[in-house]
């Protein structure tokens, strides 16, 4: 569990009435899987039921913003609207400038989607220089850092609970 | 009190009729607390009543822009609309590129929110390379710099007073 | 075929009912041709018919975003609407800052077009420091990397299939 | 007077019917004052009357974009609409990343305001590495550079004159 | 004439029915003049008549995006609407950060204007580190590079021809 930061909630939230979507990219699968698992565990610890945790995927991080909107709309159409979305991706610096342009455009598009969709969109994207940094932030390196997916799960419940009616 | 800059008002403002919201992230708690306190002290010095200073929090700085909108809307729904919002966060450079992408997207989203919400949104986010820089700007290092929260409190009263009716 | 990443689909998609547009810039023709070919091959492997793969071009990458919108609108007007667009361009760092400003504005405009056009827009732009990096990502250097056009073809079919009705 | 550049007008403009707003930040007062003075002198030289030059201020440069909109709206409400606005600020690189994020968000927000307010907004913000650079551009260093405020005054008259009716 | 790239059209375009606007900044006049001339020559070679090439100017590059919109609207109001606009500017790195912020905001605003005005806006802005780089791209250094204005003229005719009716 997080020692400081996002993981510390300002009050006890009850997630038992919330439906939370997780949408993840499929690059760097092992790290992604750990982050998704961390988010799911925290959602459950805050009372979100298994049936109310919906998980989807898209090919890469560039697809996360529009994929999140598609996801919201499909759930809406089914009569099972989401109260928050956690888009999860792992971006690692390579030799071209792909990392920089993807990180920047994805971060801003996820930020904007909060306002356009009027649903909290949590920033579950790691923007790392090395693969090891990403592994550490997914809790995969013993004794280093906690799984950031836990923070994202907590943030989703908090922000969904603060949504104006 | 600020020696130069934001802290110097162009005229005497009367905050006694204004309701000001402060919304802060919860990372780097000691620094955040000092900044919030600086803002509150300055708001009071300019006549804002205790009852009209409303304080909320969000998990991290990425949540500040949408959290500010939620905050504005909840206050509106309660019949207690805010005349300005001061989002407060402390971002410190780490080893990944998280700092850069969060700083950039948060700054732009707060800027934009001014126009979308039609309420002054003050920029209360420190974007520092070291923790010491942030402490200095929160007035926590004796004899170094003043508490920037004071400037933000003054800016909130001024910008709210300049709002077209 | 891709070993990991975008190329691995999360399920079997049937592209036989989809119409996919490819719009490419004309700079660095040999690399562009290989990328377009990779995308076409993958689209066909996923069931998209020859008649439903529509290929257009624009002068340079700056024209890709607005050119994609023109393309979508012309196809719409013909009664042959596109289910996804793959804009393809190859940008290589030169001695001025042209590369940086074009890469940044094109990436963000393509991201935004997803939301404005309500059609998946795949990011088929290489942002490379050297021409060799671009050749490798087009599958033109034996034994180095796979043709990224294949990933884009797969992403187009997947994202089009996930479009809410 | 400017030797080349903005200062050279493409034709003789008559500012006698125009009302121009200047809104300045209050940091770096000596430099700001010189720039405002340069703009005012040039406006007058182009025929703008004293009564039609309206000057306002905001605390810092972050407040310039929304402050410009407030300014436009207040003047509109008074029945004294502005034909152009010159927001003036002086930003100087410090030890944190504050400079970078403020410069970037302010520049883009002022650019956008042109389109949203449908009134020319001139870019009167200096983004300098050193204070000396800013002094030089305010005409405060004898024999170095001209006062850039003059260019901004000329640009305001020209752009206001080119406004479609 | 261009050896590769933008200069090679994908088909023969007939510009004889098109009206094209050129709007240029007035800094670095010699280079600007050469670029405007290159664009005009290419427009004529593609059949655009002298009467249908309309040339305007603005003070500096920051004014190009809004100046282009004013230009479009004035021509519209006259009953002589433009089918494409070529904004031309030359930006050269100086000692402050002015270059970076202007280049970035101008590029993105021109990109966006395509979508807002629904008319092709060609990117005719050079973003150079040295003046010599700009001269070379204006065809002013014998035996070095071709005049990029030619590419912009060709792109304007092509993009205008591809406009949906």
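Which chain is which? They are A, B, C, D and E, in the order written, and residues in each are numbered from 1.
Assume a contact is a pair of C-beta atoms (placed from the backbone, for glycine too) under 8 Å apart; a residue touches a chain by one contact, two chains touch by 3 or more.
The chain list, named the UniProt way, goes like this: A, B, C, D, E = 6,7-dimethyl-8-ribityllumazine synthase.
Here the structure is a predicted model, which is why all the values come from computation and not from measurement.
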| item | value |
| --- | --- |
| Path length in the contact graph (chain B to chain E, fewest steps) | 2 |
| Mean-CA-position distance for chain C and chain B (Å) | 42 |
| Cα-centroid distance, chain B relative to chain D, in whole angstrom | 26 |
| Multi-chain contact residues (two or more partners), chain B | 104, 108 |
| Chain contact topology (line, ring, star, complete or other) | ring |
| Ring topology as an ordered chain list, initiated at chain C and continued via chain E | C, E, D, B, A |
| Residues of chain C touching chain A in the complex | 4-6, 8-10, 93, 103-104, 107-108, 111-112, 114-115, 120-123, 126-129, 133, 137, 151, 154-155, 158-159, 162-165 |
| Contacting residues of chain E [partner chain D, same complex] | 26-27, 29, 57-60, 62-63, 65-67, 69-70, 73-74, 77, 95-98, 100-102, 104-106, 108-109, 116 |
